[in-house]
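Next up: the structures, one after another.
Shared between the two complexes below is chain A, which has chain B as its partner in the first and chain C in the second.
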Partner chain A sequence: MGKLLKLRIDGQDVQAPAGTNLIDAAEMAGVHIPNLCYLKGMKGIGACRMCLVEVEGLKAPVIACNTRVKQDMVVHTRTERVQEIRRFVIDLILSMHPLDCVTCTKSGVCNLQEYAYEFGLRESSFSRKKFTYPVDDGNPFVKRDPAYCILCGRCVRVCKEQGTNVLDFMGRGIESKVITANDMPLHESGCTFCGSCVDVCPVSALREADREQKGREWEFSRYESVCMLCGCGCDITVSIKGDMIQKINAGNRAPSTEQKFICAYGRFGYEHVDGGKRILAPMVRKGGRLQEVSMKDALEDLAGRLKKAGKNAGFISTASILNEDALSLQRFAEEVVKTPNIDSTASLYARPEEFQKSQKAKMDKADLIVLVGINPSQWTRVLPALDVAVRRRLSRKGRLITINSQETGLADLAELNLSGDEIQAIQGIIKSVPDHGIKVDQSLMKHVQEASTDKNMQQAAEIFAGSSSPLIISDPAFFDAASSLAGIKGHAIAMPLESNAHGVVRMGLKTRGASIQDMAAIEHGLVQRGKSTVKLLYAVGDVPLSKKPDGVDFLVVQSSSLTGLAGEADMVLPAATYLESSGSMVDYLGELKTMEQTIEPRGASKTHRDIFIQLAKNMGVTLKKPPFSEIKKAAGSQAGPSMADMSRKEGFQETPESYLQALNAPVLETSRLLWLKESGLV
Partner chain B sequence: MSTENYVEEKPKKLKEIRKEAEERACPVQQMEYFIDEFLAKPMCGKCYPCALGAGEAQIRVASLASRGAEVDGRDLDLLRRIGDNMVRGSLCKRGKDTGNFILELLENSRDEIMEHVHADRSCPTRECKSLVRYEIVPELCTMCGECKKACSYNSIMGETRKPYFTGYQPFEIRLKRCTGCGECVDVCPEGAIVFKSRSRKEANSQDTGGLNG
Partner chain C sequence: MDQVLEKILDNYHEHEGNALTILQDLEENFGYVPEETVYELSDRLNIPPSRFFGIATFFSQLHLKPRGKNIITVCRGTPCHVKGSEKILSRMRMELDIPSGEETSEDRMFTVEEVNCVGACGMAPVVVINQQVQGEVNIKKMIKEVNEIRSEE
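== the complex of A and B ==
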């Protein structure tokens, strides 16, 4: 953000930070400058010429998308001269566009329709051009209908910038067409079906495959939520009609330019809320089979058992539950059941304290990104949004260093790739940093005295020393080393695999008494062997385990889907999914995000917190719904970085791919994402 | 629009295209040649007014030069509008130059272009092949049938004369089928096939169409 400049747009005084372009500045004043090819956050290309505006003192009109604000600029956006050019452009586009707004799904949000309306153009005054391109509908996600295409190039640019790079132009002028390599259908083109192109298409050329007849755009109520399917925790906007989710789009209404990506899981996985594995009623095991009972009976029975179990009860939860649920669970266990045995799945792949030490940072402020030990990828579907965020950052501004003992996809884009042991590499970098004129605390230098450096590490140290705001994103296993590096300069982030790992840990859901490994008898990874240390095990959320641990007398699973573990449970309680709950979460960058409830909980399902409150009531204790102020306070808690031993934390032997697949198995199997699995694209 | 410029061989400069176009006498031919050449190479396709405008202009000019198309004064209005907007709205000089070329022709060669638009359309310089119409002068026709044999479009009507019969009608050209290729003119031994032209008087009585508008 530069300093504020004053200018006048259509007679209105506007203040805009230096560096803002005229379209964004006008938007601040509530003036819409028409455009078709402009994409907020990306450099304007000036193709559509719709945003031409007149600036006093300049002879010719200028394109607003690529003109920056200047002090005392006077801009006119609606002069006869530029309006005629706009009318001409729309008139030309209409001559090659199907005029079927009556049935078109984009009707109401279509930019072309809006401008044609503004100019009163019912049809084109030019000769009708018809192109008979086939529709690409070979996949259940994205439908590509080139007949509607107005060649604005937004999809091509967005696909290129995020590195998916599937779409491109063929030909020039009227006959150009957006194609994949060799004009193959999308599902043979390497497309990951993230649907970013659907979000940016101003017309109906790219749309959700099932978008037709699902409702007009103005019938939808829109809610802002956060996708909870992996550690990225992306903002989503959910469109609802008739208590059914009709579609999900990336981003929310917040005026930010970063993070407008969601992957295929986040966009198309919502069908699992009404999927075949959804738990709609409480069930109790009677005679070896799970049988439906009423919520009242189930909770009364469970309250009695919990009272009796006391310290012998244990709670394990996924790290994808909301803050409110986590805090209620923690209080319920501690104050009502009075057991110290509480833990989350985040402890499987990290020491929970690391998430508490992870700092708050902003991706669009970083000028250097250092990835330590993580391999985000859109294609293997491991933290795809992080992959995109890094690629996007690099294409705008910024440098990348990858430090990884295994191969990473992003290494190709990195200025420097340090292969080999991560800890040694970071120690080497820290040791070399003082050579480049940066002071390093003596207490930190003590830890790296023994370390050896090589040419690559010295070069990395030089890049690091030259950056002003480095962002170090690390696998939790190397977080101590990463945060030591960030102690010199910048921010360190412990990258979780689950969406709200940062949140649940801050809410107090971390190993206190028995750990999750003890309670679920986990030997390593997700392999269960041996005996549990608790008698009553209470699993919250879709915990990706499949076996009732030995030694557990009574297993309660409170989840939304019939997971492997739920199939073995003695009691199953129906829980609301994240799309059915309101609340908040903390994403990997430490930002507290609030979520709106989008649909009613299905069947008898209730939010986790409501179940705990009811159970507490049955046990004679009043448990209150945690107020947001408390959540906010807890979410802001931050443990100082440790410069302790920079050693690798071993123990989790599951790969991120297989863990995320296990975690999202219910979503994958009971939505159209199954098609990906069946086509071998997962 | 395409974000890349595929430069394989160096595209012709607009100056060269203009020079080559001006070798033609008919303004419609000049315009058609210029736009065709412009679209074939130098146009980058980066901005709408030029890429789509020139594409539309190509269609309009082609119909001015072709007999099958229906044209009227509005076509010239649209061409002028395209030219105007290409000059004002194009991203680069090439689009502006093309627009200017169209506008110049519309301004400077008004009367010749109007000839292409009138109800009885013709090309004064006879460069627009499709607009050229031939007729057979009945007094000169000997009904030898050479033209009928030569016509690829089956557009000559008449019966070849046999020496011992009388009562033959001279040959006629069915204008609907005739493409104006001129094959028959070359083979006629009598020079009986000539250009059909509208008398000046007739032309003046026609409305002057959009160019005055």
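== the complex of A and C ==
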């Protein structure tokens, strides 16, 4: 951030950091400068001419979006002259925009409507122009209706900046149009249906395909939550009407567009809460079939069984449950059931300690990103938001080095791609860093003495040495090596596949007694073979396994969807989804994020923590809902990075793609996302 | 086609700034910008296809459809309009069997296109036939010209 400059906007004194544009500076003073094409965080392009302002000493009005603050600048945003220009712009746009605000879904939040209202324009003074462009509604996600388009270019810019590159302008002048390559429908153009364009469209040209008649913006209650469907843990804003989710947008918490992104899963997967696989009531296996019972009966029966099982009971959970649920589960298992056998699915693809050592960092502060052993991609739908975050960082200031023994999508954009063995590459870099004037601790140098370096590693070391705040994001398997590098400078992140892996581990869900592999009899990946070490297995969340392990006498599955494992259970308890729970989670960058409950839990379902509390009560023990202060304390706990062991951690043989598909199977199968599968797009 | 593409590609590296010159090369080699070449080049150069199509539709010198052997450009500037260029245009389209909404006849012998002004307003109405500017044209004269081209084929 540059130094603070003083200026005056509409008579108000403002202090803004050097480099700030006038729209942002005015906002600090509470002055809104009208605009149709500006996107906070992105470079202004001055396409709409609405943000013209007058600056004292300059003859002609200037565009505020692309004018930077200067010391002692005096700006007038509402002079007669600029208001006249704005009025003219709106007048022109209205001449080719349908005036059907009475039925338009965007009514109330439409920027064009807002400004037309401000200028009292009922109808354009120009003759009406109409183009008969076809509506692109060949997919169930995004509807593209060029008749409404005002050619502001917001969608083109977000699509481009995040690297999806589907939209662009065609033609020129009044005949311009936003198109995909060769004007094909979205589903034939490589679109991933993330809906970023929908979020930025100021009018109704790009909207959710099913928005019509589902409610206007002012009818919605809005809640801030977090998408729990993959390791990205993106902020979401959920719009509710009549206890039904009407739509989900990228979260509002991030101030600029740089951090705002959600993928098609996060935006359109919510229908699973009322989907065909939803578990609405407790069920118990009777005569070989699962039959509904009351919650009271189920929990009483289960309490008795847990009491009897004691150390023979084991708990496995997904790493997608909320902190509150995880901490309650850990306490319930340890203090009430008194069994050391607790573990989470995070242990399937990492050693939980890695997540606890992972540091706290900010993406927008990084000037160098180093990706180690991971291949985030919007197209394979593996950690898509990370892919976007990296691409956006690169389009601003960041540089990128990829270290991966396999091909990655982001390698093309990297300044340097080290394609050999990851551990050797990192060791080589560490060994070369002192050549570029950076001191490295002797204890660390000891571990890389044997390492060999090549030209690429030396170049990477040079880039690393020259950066001021590198961010190293690593597959957990290489985390120790990655964090050694961060020990020199910057931050190291262990990238999880599941949203709250960092949280559940910090809440204590990590291998203590029997591991998840022991309890669920997992041979490798998600393949189950052999015998479980526990008699009573209690699975929490939509655990992506499909077989009741041999040796388990009684299997309890507490999930929201009838997963493969739930289908084999002896007892099924209905759990609330993340959209029906309030609480918190820790994202991959180590930030503790709070989540609001957006809808009521469906049927008899309850949050995991409420079920544990009731079970404990039935077992004669009082278990309290963990207060937020405790969650905060646990979430903040961080083990320091280790610099010793730099070996690769082996074990997980599932690809991220297949693991995430298994994990999200209920969401993919019982929402409109199924269309992606049926159309061969996932 | 592949050989031509290779030759064009040799001259460029991955950079979006090169997209226009690449398209010009395509136009020069093929007479238009064939759709499949765009996807091929986009793949090879890491420039999104939407960018290529955006540029190709922006510049009137670039065409996405094959063009005729003979190009007739009718000026539609104001003086030419006053002098009846619209009638000339519609008659030429009829005479050369150009389907409505298209610019090129099915046998690809002729392309009839409009241009905003050729800068020869003094001799309006102006038509450019195969890069030869003809002033003060009328329908009779045009039909004669077209017939001459036809007989030469």
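One rule holds for everything that comes next: the second predicted complex is superposed on the first by the 678 of 682 C-alpha atoms of A that agree within 3 Å, B and C clash if a C-alpha of one lies under 4 Å from a C-alpha of the other, contacts with A are read in each partner's own complex, and residues count from 1 in each chain.
Rule of thumb we're sticking to: contacts are C-beta pairs under 8 Å (C-beta built on N, C-alpha and C of every residue); 3 or more make two chains touch, one makes a residue touch a chain.
Just so it is clear, the structure is predicted and the values come from calculations on it, not from any experiment.
Student: Please tell me which partner, chain B or chain C, touches more residues of chain A.
Tutor: Looking at chain B versus chain C, the one contacting more residues of chain A is B.
Student: Tell me the contact category for A:Phe169 with respect to chain B and chain C: first, second, both or neither.
Tutor: A:Phe169: touches chain B and chain C.
Student: Looking at A:Glu271 after the superposition, I want to know if it touches chain B, chain C, both of them or none. Which is it: first, second, both, neither?
Tutor: So A:Glu271 meets neither chain B nor chain C here.
Student: With both complexes overlaid on chain A, does A:Asn182 touch chain B (first), chain C (second), both or neither?
Tutor: In the superposition, A:Asn182 contacts chain C only.
Student: Is A:Arg81 touching the first partner chain B, the second partner chain C, both, or neither of them?
Tutor: Only chain B; A:Arg81 stays clear of chain C.
Student: If we overlay the two complexes on their shared chain A, which of chain B and chain C does A:Asp364 touch? Say first, second, both or neither.
Tutor: So A:Asp364 meets neither chain B nor chain C here.
Student: Which of the two partners, first being chain B and second being chain C, lies in contact with A:Gly46: first, second, both, or neither?
Tutor: Only chain B; A:Gly46 stays clear of chain C.
Student: Taking the contacts chain A makes with chain B in one complex and with chain C in the other, which residues are shared?
Tutor: 169, 171-172
Student: Given the complex with chain A, which residues does chain B contribute to the contact?
Tutor: Listed in rising order, the residues are 1-4, 6, 39, 43-49, 51-56, 59-60, 78, 81-82, 84-85, 88-91.
Student: In their complex, what parts of chain A are in touch with chain B?
Tutor: Per the stated touch rule, the residues are 36-37, 45-50, 52, 60-61, 81, 84-85, 88-89, 92-93, 95-96, 125-127, 129, 151-153, 156-157, 169, 171-176.
Student: Applying the document's contact rule, which stretches of chain C touch chain A when the two form their complex?
Tutor: 35, 38-39, 42, 46, 48-54, 57-58
Student: Touching residues of chain A toward chain C in the complex: what are they?
Tutor: 160, 165-172, 179-183, 189, 412
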